[in-house]
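If you scroll down you'll find the structure; I have some questions about it.
Naming follows writing order (A, B, C and D), and every chain is counted from residue 1.
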Amino acid sequence: MRIGVLTSGGDCPGLNAVIRGAVLKGTKIHNQEFVGIRDGWKGVVEGLTMPLDRHSVRGLSKQGGTILGTSRTNPFEGPHGGPENVQATLDRIGVDALIAIGGEGTLAAAKRLTDAGLKIVGVPKTIDNDLDATDYSFGFDTAVEIATEAIDRLRTTGESHKRCMVVEVMGRHVGWIALHAGMAAGAHAILVPERPQSMDQIVQWVQSVADRGRAPVVVVSEGFTLDTMETPHSEKGLDAFNRPRLGGIADVLAPEIEARTGIESRGTVLGHLQRGGVPSAYDRVLATRLGMAAIDSVMEGEWGTMLALNGTDIVNVPFEHALGGLKTVPQHRYDEAAILFG
Amino acid sequence: MRIGVLTSGGDCPGLNAVIRGAVLKGTKIHNQEFVGIRDGWKGVVEGLTMPLDRHSVRGLSKQGGTILGTSRTNPFEGPHGGPENVQATLDRIGVDALIAIGGEGTLAAAKRLTDAGLKIVGVPKTIDNDLDATDYSFGFDTAVEIATEAIDRLRTTGESHKRCMVVEVMGRHVGWIALHAGMAAGAHAILVPERPQSMDQIVQWVQSVADRGRAPVVVVSEGFTLDTMETPHSEKGLDAFNRPRLGGIADVLAPEIEARTGIESRGTVLGHLQRGGVPSAYDRVLATRLGMAAIDSVMEGEWGTMLALNGTDIVNVPFEHALGGLKTVPQHRYDEAAILFG
Amino acid sequence: MRIGVLTSGGDCPGLNAVIRGAVLKGTKIHNQEFVGIRDGWKGVVEGLTMPLDRHSVRGLSKQGGTILGTSRTNPFEGPHGGPENVQATLDRIGVDALIAIGGEGTLAAAKRLTDAGLKIVGVPKTIDNDLDATDYSFGFDTAVEIATEAIDRLRTTGESHKRCMVVEVMGRHVGWIALHAGMAAGAHAILVPERPQSMDQIVQWVQSVADRGRAPVVVVSEGFTLDTMETPHSEKGLDAFNRPRLGGIADVLAPEIEARTGIESRGTVLGHLQRGGVPSAYDRVLATRLGMAAIDSVMEGEWGTMLALNGTDIVNVPFEHALGGLKTVPQHRYDEAAILFG
Amino acid sequence: MRIGVLTSGGDCPGLNAVIRGAVLKGTKIHNQEFVGIRDGWKGVVEGLTMPLDRHSVRGLSKQGGTILGTSRTNPFEGPHGGPENVQATLDRIGVDALIAIGGEGTLAAAKRLTDAGLKIVGVPKTIDNDLDATDYSFGFDTAVEIATEAIDRLRTTGESHKRCMVVEVMGRHVGWIALHAGMAAGAHAILVPERPQSMDQIVQWVQSVADRGRAPVVVVSEGFTLDTMETPHSEKGLDAFNRPRLGGIADVLAPEIEARTGIESRGTVLGHLQRGGVPSAYDRVLATRLGMAAIDSVMEGEWGTMLALNGTDIVNVPFEHALGGLKTVPQHRYDEAAILFG
């Protein structure tokens, strides 16, 4: 067989380790050939390939990003999209089966394609850890580690100036990175999309920390929103939350906290820092194992399934398990973290 | 209630985060008082305490080691040992219940004491990840990360000189650190206590890497032993494995590889580096959660149980679950890693 | 003698190491006593002190921030300011001489106070490396290291998505951090306050990198300004440079580059990340040596002087040497870095 | 011109950055061609080359080791050695001038070859910082940083167990790495080749730290020797210093300290860890500048000279300046560090 591998959606530390795991097991154990599909589904639609042999994955486990490139193309759009066209392209470039590494959009597309008869196995990728079917996904641990180290650093400068430091981490729809990094670094408030909070509550946490003579640290997910039931004190500040803006929510939240408490406050937006660079050892191991299991699934013809972490085991689950809804931070995990607040 | 906390056995990144988690939840949610027991069971036997309030755990999650100190004292030995004496001492220092953070020896002692009526809850600690009752234990992730970064570094100097680099990691009885760090860093051979190998096999892996023009990297657990069935080539070298020695097994293995292959080889023993310093974010979160769950168990009077990680949940299990035997690297996990060898 | 120590202005990795160096040498070699002045000149004016003995500096060399706190108070302002009042306060709190650790403002104030007869020795502090009298100042190396690691990370995500990554580093008036971090990380353009550039020039650098199939990396000092002589293409974009804004200049520059080139661009503002946390070994050694030399200067009564790095030596220079003007990036150093551009 | 570049002797973080600096400036500014000489002088003698164009140095500044390979071959030995043979080989492979990056041996060989008329410019390389002609050499800062982080880690485990931690760092003939890492990490004793100490002195430092309730940290250069004037307490221990041994001097010193003080002691040999991996930003900048200056020297025909750091400037000095003798730790620098001892 000649197996195509693609990476799709936002990049994530560990993508290259998945590719390496699949190629090494596929070539050394199963004697299969591989071809790299470039730039995600765009490469499938347009037939863009690159060589992907054992030599080309050498030293990849520690390399951030993806050597295959990525895009947000949807394989159902455009004149060359849709199952028939895609199958025709795969035939033309000599690809018998696909390993698709991507997030919810990628897995949803892969499901529709396998439903139409294409041979695809998936590997879930979400730096936000928002897929329900797997305990953790690779990239998340690295993002949490980077965010935690950043908060550790920001805390010392906060303490020196008695400032409130507001740190924005990734998480458009779920707050897992904020939850873990905040717990790890000892944040005094963790603001996640799943739990809107009022400015009054935030101010109370911040003020109680300052009252104990310490410098408050607030960790906020990029997708956090204010609880709209509150009575606004400062219209100007709250407006800023809803306006299109340069910078992130931390850039709005910090001045608002300062305006309400009189405590000097500074925002930092970690942004793309969290998705680049050398993956943590945890992510490298997880990603390597997922890649190896993916080629096993290909060999067994488990089309329409993806690999997932269940405890310490890599298991095979149907695509639909990952597509049922976001894995949000449950109440008991938020309550657990909230013990550290204030 | 007044709850004593002790840490026992070899130290491990995350001990302080467990202590912090227990004290913060215990004081803020359950309104309990804490007292630190110094130097493990020694402190119980001799009644050595230190204050342990909310203020004293400030900033602890990122701090390596244990503020309580540790020792390898057995609470059943000596004139003041045994259940009656220990209970008398706890009464004297006003301790109503104990949270004991330690490895197999500690948990075994805690079991015997709870069998005799003492009120103890355990938190498992093993940097080697060798306890069966928990998916992972805190400290392991940090150790793997440190070892992985070290192997990353050693690889570049190996490549420059075309040398074989032999890296010794912790693991007296089990090879989990070697397995994970070796997979993460792309080792060409991983030698673990559970799988004795012959020098012939090791040399074959090393040689095949060198034949491809690359610099071989061998990761070895401190507890690895040679397969004794092999016919020795170099008596001198094999002797060295069995003699008492300064340095570690890497210091023996490297010259033996060099003698047999002619490839310049260098050993590095990571040793205590792996157990010190700032814990990884993963370990801080796990340890904090274990500490919080431990105080819940105390409040519920779950004496004779310990906390464990099961998937993403912290669960309560009887001590005996942790005492049944070492959690060794299973065959399928070793085979998975072995795909990278040679 | 009883010697007061203060830290003033923005914090900086290494402040605590200076304090430790002064206190350890002062107590162990010179048998002097120390007292900590809290929150910079504010503590001098208001007589705020804290104990500062050998025990209180234990383990400080690796700790970011300043245990003394800091502020931007000017000792000549307010009802208790000015030389006579300050001297009176120092007499009252029993301080015979001062070690003032701070930037240009602090050193200027210290100069005026020593001109009026007060006994002050200075230690220059500038994370931006903008003081002329010293080869390097502590904190700069750490900031460059943090920025370099961040750019390394951002590069991999840029390459995966073929995006232009714009990274904003500290440097309000001088571009040293941008220059060093950009050279270290291999930036394709380095934009510094000393060298305004036109959008056309920036776009040309970015485009030529993209044309070679690579992802452009632009490093920009917070104080960079556009060359106003250029003919603006996109008024909207250029307006944004001059308007008050949330976020940093990278948040403006990235969309402007994207608008002009069609290359997806992302801005990241490192901000306070660069001034917090564990100092690099380089900064710890430099800061420790400066602290030790400062107490020597006190013992020798070298009032009105500060310590500076000259090659590998710590030397004593008059305050005015540091006050003559900013140390800007010279043309030949910028040209050297520019070899890497485009 | 066609310029050959070689790296010789032990590898060192920054070698690749020197190569990159020379090639980028040489191709972009001076329009010269480059060829890589493989494995140091061995490649010159045997005519082993590899392509070295702008594309091949992409991303090299952060990569440890040397892409050219290295060896300890002496170009004056063997049937093809000596100036005439080397010149003939260079003619054959079309090399007009050489940039030789290496330590004292390399520079000495380069001097003899230039004395005989060959066109060679040198770049000094010594991770130990033992060359007199330059303030610092690249690789040293990275080694100090790695050693400092390791000591930070070891300290926490030492404190938990009240153990004495003995850390061996590089430095066969000079103690610069020990001096800087020891100062940075707050060691209680720093043992360097330049200052033999008696066991009695070492034991006194260790004991006084333990008496204060702290865990002693001893940093020792691999080339440290005992002061032979002392009266030995433990013949067995001192013998061990002089016997050939597996492991390092820390493996001997730790048990000897334990035997004499009764304080549990553990040795760690950092070894090759210090020379591998990603260079620090400091070393990347220094190495890049040295590489750029080297190609300038080639263009100006400054044969027989090498590049050196003088304050913040890169300057050109004759080879003989680097060959006069080792740059040892001067008394005043050791005394400065010794303030932290005990």
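The definition used in the following text is that a residue touches a chain if its C-beta (ideal position, glycine included) is under 8 Å from a C-beta of that chain, and two chains touch if they have at least 3 such contacts.
As the structure is a prediction and not an experimental result, all values here were calculated from the model.
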{"item": "Contacts common to chain B and chain D (chain labels)", "value": "none"}
{"item": "Contacts common to chain C and chain D (chain labels)", "value": "none"}
{"item": "Chain pair among C-D, A-B or A-C whose interface repeats that of B-D, sharing over half of the contact pairs by residue number", "value": "A-C"}
{"item": "Chain at maximum distance from chain C, centres defined as averaged CA atoms", "value": "B"}
{"item": "Interchain centroid distance [CA atoms averaged], chain A/chain C, Å", "value": "34"}
{"item": "Euclidean distance of C-alpha centroids - chain A vs chain D, Å", "value": "41"}
{"item": "Centroid spacing, where centroids are CA-atom means, of chain A and chain B in whole angstrom", "value": "30"}
{"item": "Overlap residues in chain D, where contacts from two or more other chains coincide", "value": "149, 152, 278"}
{"item": "Interchain contacts (touch definition) - all pairs", "value": "A-B, A-C, B-D, C-D"}
{"item": "Contact set on chain D toward chain B in their complex", "value": "7, 10-11, 15, 63-66, 69-71, 146, 149-150, 152-162, 165, 240, 245-248, 251-252, 255, 266, 268-269, 271-273, 275-278"}
{"item": "Chain B-touching residues of chain A, taken from the complex the two chains share", "value": "24-25, 28-29, 58-59, 61-62, 135-136, 141, 144-145, 147-149, 152, 180-181, 183-186, 214, 278, 280-282, 284-285, 288-289, 292, 310-312, 336, 339-340"}
